[in-house]
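Structures incoming, each one as C-alpha cells.
Both of the next two complexes hold chain A, though its partner changes from chain B to chain C.
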Partner chain A sequence: MKLAVTILTIAALASFPLWLRDPYLMNALITTGIFIIGAMSLNLLLGFTGQLSLGHIAFFGIGAYVSALTSLGFDVGLPGGFRIVHEPWPPAVGFVLAIIVAGLCGYLVGLLSFRVRGAYFVIVTISFAEVVRLVALNWVELTQGPLALTNIPSITIGLPALGSLTLRTKLQNYYLVLAVAVATYVLISRLVHSHFGRAMRGLMENETLAVSVGIDVTKTLTLAAVISAGIAGAAGSLYAHYIRIIDPEVFAFINTVTMVIMVITGGKGSLAGPVVGGLIFGLLPVFLRPIMAPEAQWIAYGGVLIVILFVLPRGIVPSLAQRWAKWRSRPRAAGAVSFSERDVKENA
Partner chain B sequence: MGFAATALKVEQVAVRFGGLVALSDMNFTVGEGEIVSLIGPNGAGKTTAFNVMTGFLDPTHGCVSYRGTALNGLKPHQIADLGLIRTFQRTSVFPNDTVYDNLLVGLHRRGRVGLFEAILGLPRARSSERRLRERASELVEWVGLGRRAHDLAGSLSYGEQRLVGVALALAAEPSMLLLDEPVSGMNASETHTFVELIRNIRDRGVTILLVEHDMPMVMSVSDRIVVLNYGRIIAEGPPDVIRNDPVVIEAYLGQGAARA
Partner chain C sequence: MSEFLQHLINMLVLGGTYALLGIGLTLIFGIMNVVNFTHGVLYTFGAYVMFIVVHQLGVNFFVALPLAVVAGWLLGAAIELTLLRPLRGSDIDTTMLVMIGAWIAMQSGTLWIWGGVAKSVSTPFPEAPLVLGPVSVSWLRLFVLAAAALLIVVTYFLINRSKLGCAMRATFQDQDTASLMGVNVDLIYTSTFAIGSSLAAAAGALLGPVYVIFPQMGDLAAVKAFAIVILGGLGNITGAVIGGFILALAEELGAGYVSSGYRDAMGFLIIIAVLIFKPTGLFARSERVG
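Here is the complex of A and B:
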C-alpha cells in the first residue's frame, strides 16, 4: 500500500515534463525540488531528533560554493605568502566535494552545539549561517563577494558506453533533481527505520531512558547532523549548477525559513511531509503570481500557512495519516450498520 | 554470603548537593546472581545511590566498580555497555511508540550494524533487523504484554508501563539489573506476577539490585537487604534479620515502635 503510493507519486512526478511545456513552471519545479531536498535534510534533524537548525541554509550554501569553486577553479592568496591555485574540475566532482565539505561542517557544528541542546543549538546554527554569509561576502578573492560567482558550468554525467552528457536543458535538470530527491528520500527512510533511526527517536522522546539502554547521545546526534548537512550540501550543489550563478544572498535567513515552513506544514517526523509541504509552498508563488499583486502574494502565502497549521496542527501528512487510520478502524462498525440496514430491508 | 564473585562494589560513596548530604560513606557489595534490595524511608538516598551507580550523577567522594571496572567518569551509555542496566521510577517508557517499538529501541546494544550496511540494506543489516524483531516479540510475550504489543506505551496502565520499563531494560541484555521501585502502582496480583518475573530473570544469571517500598515484596524476593536512612547504611543482612532489627523498625516507624 505504502510502496504503491510511493511508486505512483514518483511516476506522476516523472511524467510532469511530458505534459508541462511551460518553461517557467519547469523552472519552478526544479528549484522547488532542490528546496525539497533541503527540507528533507532539515526534517532529519527537526523531525527525527527534535533539534531545530535555523541555519540550515549554511550547509546548502556551502555546498553551492564548494561545488561552484571546484568546477570554476580559483587562485587565492593565504597569509604568509602562500597561494592556492586550483584548476577547474568536473562539476560531478564538485557535487561529491559539496557533500563531503557540508557534512564536515555539520560534524563541527553538531559536535560544538550538541553539548548544549535545544535553544542553544538553534542559536549556534543561526550564528554559523551568518558567519558563513559574511565570509562569502568579504572573501572577495575566493568568492567574488557580492559580484557573485558566474558562469558555473552545468553538471556533466558520464554514462557508460554513451559518453558524457551535459545537463543543459530544464528537462534534463528536472530529472537529475528528481533522481537525487528520490535517492535522498530512500536514504532517509532507510536511516530512520534502522537502529540509528530508533536511537534518534528514543533520544527525542525520552533521553534519560534512551541513554540508560546504551544509546550514545553525542554520537547519534552528530551522525544525524553530518548526514543532514551532507544532503543539504548536495542540494546546494544542484542549485549552483542549475542556476549557474551564486552570491552570498544564498545564505539569507528567509531561505532557511522557507525550508522550515515546508517541513512544519508537511509534517515534521514524517518522511513524505517535507515533499508535500515543499510542493505546496514551492509552487504556491507560481500560482499566485498571475492573479495577485506581489504584496498580496505574500499575504496569501502567510494565510495559507496559518490555515494549514490551524486545521492540521501536526502537519498535513501526519494529520491525514491519523484520520486515515481512524477511518480504517471504522469498517467493522460501518459493516454492522449496513448489515442491520439490510435486515431492515429484508424484513420490510 | 555464599556468593563467589562480587558484581557491584560501592566504596565510601558520598554525594552532597551544596550543604545537603544525600549519601555519606556508603559501602556495600552485590554478588553475582544475587538479589539485593536497597530500602529506606523517603528521601533516604536510594534513588541518588542508583544515579551514582549508573553514571547519571557523579559522586562527591568514593567510587563504584562493576566487575572490576571503575565507573567513575563513565557516561551512562558507557556503563550500560558494561551490562549494568537500570529502570526508572517515573519515566519508564517511550510514550509515543508502541510497546513493540519500545523494545526495539531497547535492543539498541544488540542491533549495532554499520551505517552503510543499514542504509544500503545489505544482508547482514537485514538479518540483524529480523533477529531484533524476533527478539522483541519474544520479550513482549515473556513479560506478558503480548496483547498490548501494538498499543502506544503511553496508553497503558501504570502497572503495565512498569512492565514495559523492565522489558526495555531486559532488551538491553543486562548482566546486572537495577530496578527503581518497579512495583509501585501495581496491584497485588500484578506484584505477585512481577516477583515471579524477577526470580525468572535472576535464574537466567542476571544480578539484581532493587529499590522498593513494598515490604512484603522485598522480604519475599531478596537474598539480602541494605537499609538506608539519611544517606547512611543503618543495617544490612538477610530478610529475617532485617525484619527484626530494632534500628530498622525505628527508622520506619519511629522510636516508640522499636520493641521488636
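Here is the complex of A and C:
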C-alpha cells in the first residue's frame, strides 16, 4: 500500500513536464523541488531528533557557494601573504564537494551547539547562519559580496553510453532535481528505519531514558546534523547551478522559515510531510501571484503558519494517516487494528 | 585615544537602547518561557508610530514618544491575548513558531502599508553636536541616552518595588506556587508581554530618529536582544542592562578596529561564545539550560 502510493507519486511527479508546458510553472516546480530537498533534511533534525535548527539555510548556502566557487574558480589572498588560486573544476565535482563541506560544517555546528537544548539551540543555529551570511557579504575577494557570483555553469553529467550531457533546459533540471529528491527520500527513509533512526527517536522522546539504555547522545545528534547538513548542501548546489547566480541573500532567515513552514505544515517526523508541505507552499505563490501582492502573500504565509499550528499542530500527513487508520479500524474490521496502528507509525 | 573615547560615548548611547530591548526580552523569555520573535517587530512598530505621529499627525516629538510606548504596550497585550494565551501549556517550539508566523505577517504588513523605502523622523534637536574636548556627541543621542536611562530605572523599580513586580518575580520563580498564593498568572503573563513589548517599542522610538526607519530594521534588533539576554542570563534584568552595554562596546570596538562590515556579527559571535563557554550567562546563578 505504502510502496504503491510512493511509486504512484513519483510517476505523477515525473509526468508533470509532459503535460505542463508553462515555463513559469516549471521554474516554480524546480525551485520547489530544491526547497523540498532542503525541507526533508531539516525534517531529519526537527522531526526525528526534535532539534529545531533555525540556521539550516547556512548549510544550503554553504553548499551553493562551495559548488559555485569550485566550478568558477577563485583567487584569494590569505593573511601572511599566501594566495590560493583555484582553477575551475566541473560542476559535478562541486556538487560532491558541496555535500562534503556542508557536512563538515554540520559536524562543527553540531559539536558546538548540541551542548545546549531548546531555545538556546535555536538561537545558536540562527547566529551561525547570520555569521556565515556576514562573511559571504564581507569577504568580497572570495564571494564578490553583494555583487553576487554570476555565470555559474550548469551541471554536466557523464552518461555511460551517451557521453556527457550539460543540463541547460528546465526539463533536464527538473528530472535532475526529482532524481536527487527521490534519492534523498529513500536515504532518509532507510536511516529512520535503521538502528540509528530508532536511537534518534529515542532521544527525541526521552533523552534521559535513551542515555540510560546506552545511546550516545552527542554522537547520534552530531551524525544526524552531518547527514542533514550534507543533504542541505546538495540542495544548495542544485540551486546554484540551476539559478546560475547567487548572492549573500541566499542566507536570508526567511529561507529557513520557508523550509520550517514546509516541514511543520506537512508534518514533522513524517517522511512524506516535507514533500506535501513543500508542494503546497512552493506552488502557492504561483496561484496567489495573480490575485495578491507579494507582501500580502507573506502576510498570508505567516497567517497560515499560525493557523496550522493552532488547528493541525501535528501537520497534514500525520493527521490524514490517523484518519485513514481510524477508517480502516472501524468496528466491522476489528482484526485490522494492530496492523493499522503499525501503519500509523510507519506512514507518519 | 580620542578615537577610543568617541567609541565609548557611542557605546553609552547604543547600550542604553540595547538594554531596553534586552530587558523586555529577558522578562518575556524568563517569565513566560516564550522565545519572542515578535520583539523586533515591536521595535520597528515603535519607530513607525513615531513617524506617523510626528509626520502624518503633526504632533510634537516629545508627545509622540510616550504614545509609541503606549502603542507598543497595547500591541503586545493584543498579541499575548490572541496568540499566546490559547497556547498556554504547549511546548516552547510551538509558541516559537507561532511567534515567527506573527513576525512574518506583521513585518510584511509594515512593508505593504508603508513600502520598503527608508524614512527618517525629524527631531527638534539642533544639528550641531555638543563638543566636549576631543569627542563630540549629537544632542539627539544625549537625549536618547537620558530617556533610555530613565526607562531602565522606571522598569527596575516596577519589577523590584511594586506589587505587580513582586508577582512577576514570584511567577518567574515558581508559577504553580505563585498561583496558589493568589497571583493571577494569566494577568501576569499578559502584563509581562505588554511591558516587554512597550520597552521594545520605546527602543525603536528612540533609535528610529537616530538612524532611518524601514520595515526590516527590527530583525537585527531582535537578534541583538537575544544576544543580550543570553549574555546577561535568563530573566536577569541587571544582567540585561550590563549585557546591553557589553554588546554595544563590542560592536563599537569591532566596527572601529576590525571592520565596519562585521559590526553586526559581534552580537552573533557573543551568543556563540557565551553559549559554548558559559551557557548560563555571565551573571546568572546556576541554572539548567540543557
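In this section, the second predicted complex is superposed on the first by the 314 of 348 C-alpha atoms of A that agree within 3 Å, B and C clash if a C-alpha of one lies under 4 Å from a C-alpha of the other, contacts with A are read in each partner's own complex, and residues count from 1 in each chain.
In the analysis below, contacts are C-beta pairs under 8 Å (C-beta built on N, C-alpha and C of every residue); 3 or more make two chains touch, one makes a residue touch a chain.
Small disclaimer: the values here were computed from a predicted structure and weren't measured.
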### Task
Give one of first, second, both or neither to describe whether A:254 is in contact with chain B, with chain C, with both, or with none.
second
### Query
After superposition on the shared chain, which partner residues are touched by A:104: those of chain B (first), chain C (second), both, or neither?
neither
### Task
Check the residue A:195 against both partner chains and state whether it touches chain B (first), chain C (second), both, or neither.
first
### Task
Check the residue A:283 against both partner chains and state whether it touches chain B (first), chain C (second), both, or neither.
neither
### chain B versus chain C, judged by how many residues of chain A each one touches
C
### Query
Taking the superposition as given, does A:128 touch the first partner, chain B, the second, chain C, both, or neither?
second
### Task
Would you sort A:320 into first (chain B), second (chain C), both or neither based on which partner it touches?
neither
### Message
For A:118, using the defined touch cut-off, is the partner it touches chain B, chain C, both, or neither? Pick first, second, both or neither.
### Response
second
### Task
Please name which positions on chain A make contact with chain B in the complex.
187, 190-191, 194-196, 198-199, 201-202, 205-206, 208-217, 223
### Message
Per the contact definition, I'd like the list of chain A residues that touch chain C in the complex.
### Response
52, 112-113, 115-120, 122-124, 126-128, 130-131, 134-135, 137-138, 253-254, 257, 260, 264, 293, 295-299, 301-306, 309-310, 313
### Query
Inside the complex, what are the residues of chain B that reach chain A?
54, 56, 75-77, 80-81, 85-88, 91-97, 101, 104-109, 111-113, 115, 118-121, 125, 129, 132, 168-169, 171-172
### Contact footprint of chain A on chain C as seen in their complex
29, 35, 83, 86-87, 90, 92-94, 96-98, 100-109, 111-112, 219, 223, 226-227, 230, 259, 261-262, 264-265, 267-269, 271-272, 275-276, 279, 289-290
